[in-house]
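Listed after this line are the structures, all set down as structure tokens.
After this come two complexes, each holding subunit A, first together with subunit B and then together with subunit C.
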Partner chain A sequence: MQEYIQVLGVELGKFSGLLPELLLLIVSLLWLLPGFSKGQKTNPIWLYSLLIPIAGLVYLRWFSAWKGQSLGYGAIHFPETSKYFYLFTAGFAAIPIIGFASRSWGKNGFTFQQGFFYLSAIAGALLSLLSAQLLVLYLAIEILSFSSYFLAASALNKNASEGGIKYLLQGSAASACMLYGISWLYGITGTLNFTHPLFIEGLKMASPFTVYMALILVLGGITFKLSAFPLHVWVSNVYEVAPMPVVAFLSVVPKVAMLGVLWQLLPAIYQAIPQVYQLIGWVAMASIIVGNVTALVQKLPIRTMAYSTVSQAGYLLLPLLSGSELAYSTLLAYIIVYSLANFGVLIILENYGWKSFTFSQFAGMAKTHLWPMLALLVFFLSLIGLPPTLGFLGKAGLFLVLAEGFQALKSTFYLWMGILALLNAAVALFYYLHIPYQAWLKPKGFETNSKVPEMPISAKTWWPAQILVAIFIVILVVGFFWNSWL
Partner chain B sequence: MADKLFYFLAFVTVLSALMVVFSKNPVHSVLYLILTFFSISGQYVILNAQFLAVVNIIVYAGAIMVLFLFVIMFLNMRTAAEDARKRNALIQLAGVISSGLLLTIVISALVRVDMAAHIAPAKALNTQVGMVENLGIELFTNFLVPFELASVLFIAAMVGAVLLAKREEGERNAF
Partner chain C sequence: MRTENHFNQLSTALLFIIGGLLFSLISLTVWKLLRSNKPTEITQVAYESGEEPIGSALGGFNIRFYMVALLFVLFDVELVFLFPWAVVMGNKQFNEMSGGVWGYTTLIEAFVFVLLLGFGLAYAWKQQWLGWAKVAINRPKMKQVNREYELFNEQVNRR
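Showing the complex of A and B:
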């Protein structure tokens, strides 16, 4: 008996490197203990207590626990390049908690179940960043996905259930694709561990066509979480029905995690088949164009924001076309710009009660709401990538990465990508500046005779949100002038 | 002997799988699906993977099939099938073309796989790999992390299912 306990102790000791994530999972279960009544009212203190495990996680990983060695028989690894993706994922997951008041989480405010799913979604995202094995990656993404489905449906009304079910069905299809692709990769290489030399050897030996097919299937699951082109259809629906904090979470955290995953996964594949960058390029370009065009024709700002994240996902994929140092720092910078600006817009739309407004309802609002409109303008300028904001540097970095790739490989593919990305950045002007255009240039009540019902504007804004918005603006504007870090 | 058994089981598998797709009555489809699962379990036994064979029967033929039957019997499938027949022929054509193209791509990719090149000569085939003991050792060493993560995934899925299905007092059934 004692021997077994000793063996168990030694075996468990091997997993001490994973302690922060295990603690997060255990702590997430605590949110299930207080009761299981649906839509039960809770004290907002429970919502803000979600920050404690997240802060603990960031603290542990930032200062000590980023060990170099792998564990769990090679299933988990801690590559240096993943560290910032990890910290961004955990850190950005905290912002929706601060930026939205408890009442934004649903009819009855924040519920315990939402707390559980929120923490398990974070755990899934973080574990996917640490995984060195395709099976672990798949399961981590599934944990993230399942938690997201229920978070999206957690407003508990009829629309939310419908949106959640649609999200679930599309997600299941995507995850089936991914699992099938993983089984192909396993069949081709004979190993699930994508950091193993055998994996690259196996990919080199196989026919490129087969590898492409397997990779497309795996990318299916990843682009679903990224909300990139082929599997982006869920985005607008979920944006409309889910509570705003969940929307903010889903628009940033899974994206950052999946970009980190791709940053780990793609180098192995590039070593075997260098031309794969064209595949990523096509996905990126298709997302940019499809996202932009559909965003242009939307009537509701929230749906425009949804489709604009599809095109932003395309821009976020561009640095992955090359694995250089510049691409890495550009990707991180673009993640910061996109996340802060996106959070900012969603926080303002929710806290002023503008979530279900149409564009024409914003007419003349600059007179009554000057500061929120100015803040929105800064965020939209960052999302477009125009000069007085950090967004300009982010977009400029993307074009530098493409130019670098063009010089290195002498492939006109990079050139065309650059031209198309530039043209699409101009298209983005039209829909991102639609709200500021209405607010500043249209007189108030310009379209009151249309059938749009007047919505009461909530005067009670959530004060931490205003502080957050102010901080974001400072980062986005000061970052442009003080840019030695780029 | 094993050869003949394989061909017999393969024939039954393919035939019953086709019947799943082609039979008009959804209940018949499900019954053919059970037959498919049983013949696949037979294949596992031939491959000396007894544990997998039993699990396949318990999980697929047992649990999942019962779930399918329940769903089919609860939802009135006959009206749904009639609705589907009325659907636009253009959509059906598009579906046939796109899935046919996908099938072509998948098959042409699979044809290019050179199986002999991937079986490393040093790694001799272990015939006992499908036994419960070996599988357990694999599961609790090399695949310990995925195994434990699967349990986390099930907790999340279970809590979500309970949450969505639970009805509060005074709340009425949607149907």
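Showing the complex of A and C:
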């Protein structure tokens, strides 16, 4: 105790290293200040004000300093491997802001409250990437979670509150489990710092059953944010009720952050108990299969998208089975591929007013909406992982990682993982191509004369169009050249 | 030594008793000064937070008290956090060990904590989330019935 207190002044001085994130948390409070005045109406242009703190944060952290020095008695660290996760978290958080118009954020457009919660959610995600201590990690995840709960319910109607409350209850249960698991790990190892040698030593000494119990509890909290199998039930609910930019945010940003966290946390555990990779493998495989099968039987495209992210979360977990260089770059590549295509699909569904369409309403749409349908086809092909698109790179990388793992460890587990993942990629073909099938191959039926008003991308909302074109080019053109170059 | 300890603990209890008495006396006096005095049959009924004093103990509770309960829990927990802060963090030895940094750090930490909660409370107040949720009462539209209501209210007020 004494040696800790004596260096308190020095440790506090180091906190300037965490300045960007702390600034983001403080600055996010500014978005609450308009709530103190009478008028609650916002100008759509205020939506883009969210980009300023994000850009400032990325500038401060990325271009000026990524300090290797840990702070807060080793509770916060800046590992080199977290650098790209950090950049992706902040960068992908900016896309829903420019990809969707203000009216997509709710009935009255974007509100300042949403701005506050959006920024604090980003801060929570980034802090979780930097935490080297389980309790700090827990707090960071809670900042992310609580902001997400509000964002999910921020459409402020009856359905949204119902979905938000369900999300809140499941999330509370998951985070309680996580806290309990953390207390177990603390009891086993005597330290909360998972980069500390004592942590690994403690795990080695303890009985494997206890460690597995604790890990399952901790992973519960993390897989909840990752929307992986055992705790994926909230996804379809939130997808249906939340505003589309929030859906886009929740389907990508927490995933990237949690994958970064796992990338830091798992090596310590692998060192102590190498068999834990099987646990991750089972979680990944279960979410791929459950997500795929549930997505197959959905009636609404938006629910299909929801369950497909569950299976994508499973694919994203596969590189974590090994800790090699190849797995690292594959994980990052797959994050880019998945996020871009996912954003593309959601942006099209929202900006053309197709969010609540059924599959049959898309029949014959390719004749009337050639370009959006073509873009949707490319995005879906990329999500499946078929060759002309960028998605193929991601999927091919996954199988390379599994093959590498099989060669290194001579474990048939990797082999079975690879076979099941391949089969499931084929299953994904059916539900991802359902909309393109209706649009391109079915004749225009009577059902298509829907009363849902169309909201084409107009000159007023030119940002979504631009971002859409950019994603389209990246996925198709870059993917094409990269594939042929390989 | 032992007796001294006992005496000390008893004196704490005595302090609590005196504090409790003072607290209730002061609050009663303040209410006496603030409240209006219109003794009618209804206003003189003993009540607790709008609940009927006589009847089943398993009666339903007005959902609008949920807001009050939530706020109470919030600030109750805040106070629970401030007690250990006052006891543990106000440690002279630690302060000397760290060369005076300890005191400032813990003070600022607690202030940030309380200020954030205060900020939240002020925000909720300004957004009118603390107000008693208004419920639209569906009065019958018939004139005769409304007249009856008014007569009844007048009678009550006169009493």
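Worth pointing out:
Everything that follows uses one rule, which is that the second predicted complex is superposed on the first by the 432 of 486 C-alpha atoms of A that agree within 3 Å, B and C clash if a C-alpha of one lies under 4 Å from a C-alpha of the other, contacts with A are read in each partner's own complex, and residues count from 1 in each chain.
Rule of thumb we're sticking to: contacts are C-beta pairs under 8 Å (C-beta built on N, C-alpha and C of every residue); 3 or more make two chains touch, one makes a residue touch a chain.
Not measured: the values here are computed from a predicted model.
In the superposed model, A:L8 lies in contact with subunit C only, and not with subunit B. Once chain A of one complex is fitted onto chain A of the other, the partner contacts of A:E142 are limited to subunit B, with no touch recorded for subunit C. By the touch criterion defined above, A:S120 reaches subunit B but does not reach subunit C.
In the superposed model, A:L32 makes contact with both subunit B and subunit C. Within the superposed three-chain arrangement, the count of touched residues of subunit A is higher for B, of the candidates subunit B and subunit C. In the superposition on the C-alpha atoms of chain A, the part of subunit A touched by subunit B in one complex and by subunit C in the other spans residues 29, 32, 36. For subunit A in complex with subunit C, the residues that touch the partner chain are 2, 5-6, 8-9, 12, 29, 32, 35-36.
Residue ranges of subunit B in contact with subunit A, taken from their complex: 105-106, 108-110, 112-114, 117-118, 120, 141-146, 149-150, 152-153, 155-157, 159-160, 162-164, 166-168, 174. Those residues of subunit C whose C-beta lies close enough to touch subunit A in the complex are 94, 97-99, 101-102, 105, 119, 122-123, 126-127.
Against subunit B, the residues of subunit A that register as touching in their complex are 25, 29, 32, 36-39, 72-73, 75-76, 113, 116-117, 120, 123, 127, 133, 135-136, 139-140, 142-143, 146-147, 149-150, 153-154, 158, 161, 164, 187-190, 202, 205-207, 209-210, 212-214.
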